[in-house]
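Listed below are the structures to be examined.
Paired with subunit B in one complex and with subunit C in the other, subunit A is shared by the two complexes that follow.
== the complex of A and B ==
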C-alpha cells in the first residue's frame, strides 16, 4: 500500500536529501564505485512500491540506497528469502522482516510483474540481448557459464536493468552467443502483445549509463561518469552506441560533443556518500567490484 | 541409504531437491557416485549435486535452469562436462522449470507461461511448443505462451532438516525451495534428513511440515547429509570446504587427490575425512 510521505518519513532514518543544499557537483572524493552505486540506485527512481531485485555488489547497494533516500516504497531483500523491514548493510543479518520471499514466490512475482531486477551479463549486444548461459556454440560451449537462470522470464515479464562492473569489448559484443535475456529486437519480433511487459530500463557500467531508447531500440548513451571520455567507451564497446560522440581530438578540459555538453552521471550527494560509507557498505566491498 | 540407491536403475530419471548449493541430499548423491548406476537423467536446480554426478560419469542428460555453487558462481565439473560434450542439456528458465514441476506434481501435461518467449531457450529446446489461449479478446486471437512440459521423474531425492519415521519431512530454514513439488512429481520420493524423530515429534510451526508421508517411499537419517551445502539453521554452508572442492575440481590432479581422500569410502569415511581436514586447517571440526 502507499502511505503519505509524512508517514514514511517518520519511520525512516536518512530521508531523501537531493534538493538544495547538496551541490550538483557533490562533495569531492567520491570514488568511481560510489558513483556507480548511485547510478544503479537511479535505475529504480520512480518505481514506487515494487521489489528491487539486485545481483552484484554495487547493484545491491544501489537498491538499498534508493530505498533509504528517494524511493522509500521499494522492497528489498536480505539476499535470501526475507524482505527486510529496513534496508540492511550488505552481508548483514536481515534483522526484522516485513515479508517472506522464498524462491518459489520470487518466481511467481516475476510473472506478477511488480519487480524491477538489475542483473549481470557476461555478454550484451546493442539491442540488450544478454548471455549468462554459455560462451561459444551452445551445443558444446567453449566456456559454460551459469545457465539462463531467470533471465528469459525476467526480461519478458518485468522491468530489467543490467549492472556491468567492467565495461569491455568482451562484454559489449555485436551479437551474443546465447540469448538468455531478451533484447528489444527480439521483443519487437514477438509482437506488441507478447512483449507488452518487456521493458529494458538501463545499463549501468563502470564507465557510464545507457538505455535502449535509440530510434531502432538500440543502446543509447544516457551519461558518462565524471572523468570518462567518449573515446574510452567507444574503445570498450563492440558496437556503435547511439549518441556517443567520439571526441575529435584527445579530451581536453572542455568536453567536445556534437552540439552540446556530454551528459554526465550525477555525483553522489553528501548524504548518499554517508549512507554508502557508514551504513550500507562500511567494509568497502564496492571497491572490490569497481576499481578506483 | 545403500538400500535406497540399490533400488534405483541405470537410465532412470532422478529429480534432486534443494537449490544451487543449498540443502542438497549430498549423502544420497555421494552414494549414487559410489554405485554402478549410469546413464542417469538428472532434474535439478543444479549445484554440487550435479557437479559430483558429472565427475563420476553418471549423467547422460541434465535438465536445469542453472548450475551454481552460490558463493562460488560456477560449478567446475558441470562446466568441464559441458565443454567436453559429455552430457546432454535441457536448459530452462528457472520459472519455466518450476512450472514443469508444478505440472508434473499435478498430473498436467504442461503449464503455460510467458517465460522463455523470445529467448534462446526456445532455440536450444526444439521440442518446446507454444500454446494459444482460447480466451482471445473480441476480434483477437488468444495470447501465445510457452507450454512447459511436465517434469515427471521416476525418483526424487530431497534432504530435510527433520523427518519422522513415517516419512513426513520438515524444513527449518527460511526457504522450502521446491522440494514438495519434487516429491509430488516423482513416482517414488526418498527423504534424507539431519535428524529422524518418532511420529508426532516434529516440533515447529505446522507450515514447516513440507512433505507429507503420502508422497514418500522411504526415509533415512543422514546427519551432515547435506554437507557441504547450506542446511541452515542447523548447519550453514561449509564455505571453506566448498572452496576446497571447487579449487580441486578445476584441476585433474587436485581432483584425483580430493576424490581419493574424501570420496573413496562410505559416508562415515567422508565425514571423518572432512573432520580431519578441518582439524588440519586448525578450524573447528566438521560442522
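== the complex of A and C ==
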C-alpha cells in the first residue's frame, strides 16, 4: 500500500547533502534513497549468519549491501526461494545458488529464529504495533489490505525491523486499526515467557531511523537523515516520538533520545555508493521508491 | 487410487456447491486451468482456502463462486492489490465475502495437522495480535509440559484440494519441483484431490528435491498443458509477468473484468 503525498505534514527539504562535519561522510550527492539503503543495511549490523528477509526495494538493497560490506555472513535470497551464493542485483536471476529455501522451510526458519525480517507496514503506532490487514472496521473495512501474512509469527519469533518509504501521518498513527504485528506494549502484556523472542529492532523511513528503546518501550529517535529537520518528522507522525524535540542546547556528544544535538544518519561511503549504483541497483529502482 | 480423466469431468466429479476448496501452489504451479473450469461450471458458495490468494482467487471471487475465504495474504504479486477481492470485502460485490485471516505458518501447520489426522496445530505466533478476536478458529492453548501459553488452530481438511504439477505417470503418481509450497500438505489433508499436470509420461525420472504425490493419495489427475498460466511450471513454461501487470487494469473495473472473463474463460472450453 503506498500512501499519497497529500497527507504529508511538510514539504520535503530537497535532497540530502553531505553534512559539514560528518566524519564518515562519503562523496557529496548521495540521494535520499541511497541514504535509506545504507540505513536499512545498518539494521542487520552484528547479526552474523542469519537470514536477512527483506521486503521493499531499499530494504532488499540494504540486506545485500550489508552482506557485501560489513556483514558478510548474512544469508540473502533472490527475492524468491533461492539463497544466492553472492548478493545479486535487484531483479536479476539468482546465479549460483547457495541453497534452497522453499516456502515450507522458510516457515520452519521463522519458528527457529535465525532470521531478521524487515517488513513494510500500512500503519504503525508508537509501540510498534503494525497493521497490514485492514483500514477501518475489520468487519467491513474501508480498505481491505493484503492480509497479515507472516507478521504474527515474525514479530513474536524473530528480530523484526520495518522499512517505511513514506513517513506520514497516514502510516504513523496513534493506534493501529488492526494489530497484525506485535508491538512492545502488547509483548510486555503477554509476559516474559511468551515474549522472550520478541525483538523489535528499528524502523527506517525516508526521514530517519527509530527504535523502541524509550523507557516505556515506545518509539525513539535514533537519527534523522541529513537534510531532515525534527519539525518535519513531528508533523508527519501522529504521536510524539521520544527524543525528537527540537534540540534544546548543543551540548556534548549526542546520545539518542537524550536531547542535545540531533543525531544524524551516516552518509554512504564512497564504496557503498559504488556498490549501490554500479552493482546492486544500476537501474535506479531505489529512486522510484524514495523521492529525491 | 487416482484415475486420469479430462479436466471438465474431474472438476464436475470433485467440486460441489458449498464445498471447501484449497488450491495451492506458491508463485509457481498455480492451478489456473482448474480454477477456470470451476468458474465455467458456475459453482457457488465455496469456501476458498489458500495461503497466498492471487489472481486465480480474484477471478473466482469476482465471478461470485466464493462465500468465504481463508487466507494469509491476498495480492497481485509484485503489482499491488486484488481489486475483485477488495470489492467483495469492502462493497459486497458481487456478493459478501466472509474472511478468516491467518498467518502463513498458521495455514501451513493447519494443513499438516489435517494431513496427520490430528485435530489442531500449535503455533507460537498470533499471540498479541488482534486475529484471535476475529475468529473462533484461533484459540489459546497451554502446553502440558512447560505451561507455556501457545495458540491452536483447527486442522484444515478441505473437501477438495487442487494443485498443478509438472508430470504424472499413467497410474496417477505425480512429481513436482521448483519452488514448492504446501501442495503435498494440502493434498494429503483433503478428502478429495485433483492434480492437473503439464504432461503425462510413461515413467517419472527421479529428480533431486522433487515432491512426489503417490497415486493412492490422489483422486483424479488431468492433463492441462499450460495449466498454470500466467504463473509458470518450472522446466515447461515461464511466468507471464506482463499479464500480472495487465490484470491490475482489467480487474480494477467491474465491467472490464466481466468482459475479460466472458471472452477468456466462459467462452472457452477446457483444454481437453
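The rule is simple: the second predicted complex is superposed on the first by the 256 of 292 C-alpha atoms of A that agree within 3 Å, B and C clash if a C-alpha of one lies under 4 Å from a C-alpha of the other, contacts with A are read in each partner's own complex, and residues count from 1 in each chain.
Just so we're on the same page, contacts are C-beta pairs under 8 Å (C-beta built on N, C-alpha and C of every residue); 3 or more make two chains touch, one makes a residue touch a chain.
Quick caveat, the model's predicted, so the values are computed rather than measured.
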item: Superposed partners subunit B and subunit C on subunit A - clash or fit; value: clash
item: Partner chain(s) touched by A:39 [first = subunit B, second = subunit C, both, neither]; value: neither
item: Partner chain in contact with A:179 - subunit B first, subunit C second, else both or neither; value: both
item: Touched partner set for A:58, first subunit B, second subunit C, both or neither; value: neither
item: Partner chain(s) touched by A:262 [first = subunit B, second = subunit C, both, neither]; value: neither
item: Which superposed partner A:80 touches (first subunit B, second subunit C, both, neither); value: both
item: First (subunit B), second (subunit C), both or neither touched by A:142; value: both
item: On subunit A, the residue positions that both subunit B and subunit C contact, one per complex; value: 80-81, 100, 102-104, 107, 110-111, 133, 138, 140-144, 146-153, 155-157, 178-182, 186-187, 189-190, 193-195, 197-198
item: Complex contacts: residues of subunit A adjacent to subunit C; value: 1, 80-81, 100, 102-104, 107, 110-111, 133, 138, 140-144, 146-157, 178-183, 186-187, 189-190, 193-195, 197-198
item: Touch list for subunit C against partner subunit A, complex; value: 26-27, 51, 71-75, 81, 85-86, 89-90, 101-106, 108-109, 123-131, 134, 148-149, 179-182, 185, 209
item: Subunit A partner contacts - residues on subunit B that touch it in the complex; value: 19, 46, 64-68, 73-74, 78-79, 82-83, 85, 91-96, 98, 113-121, 123-124, 143-144, 174-178
item: For the subunit A and subunit B complex, residues of the former touching the latter; value: 80-82, 100, 102-104, 107, 110-111, 133-134, 138-153, 155-157, 178-182, 186-187, 189-190, 193-195, 197-198
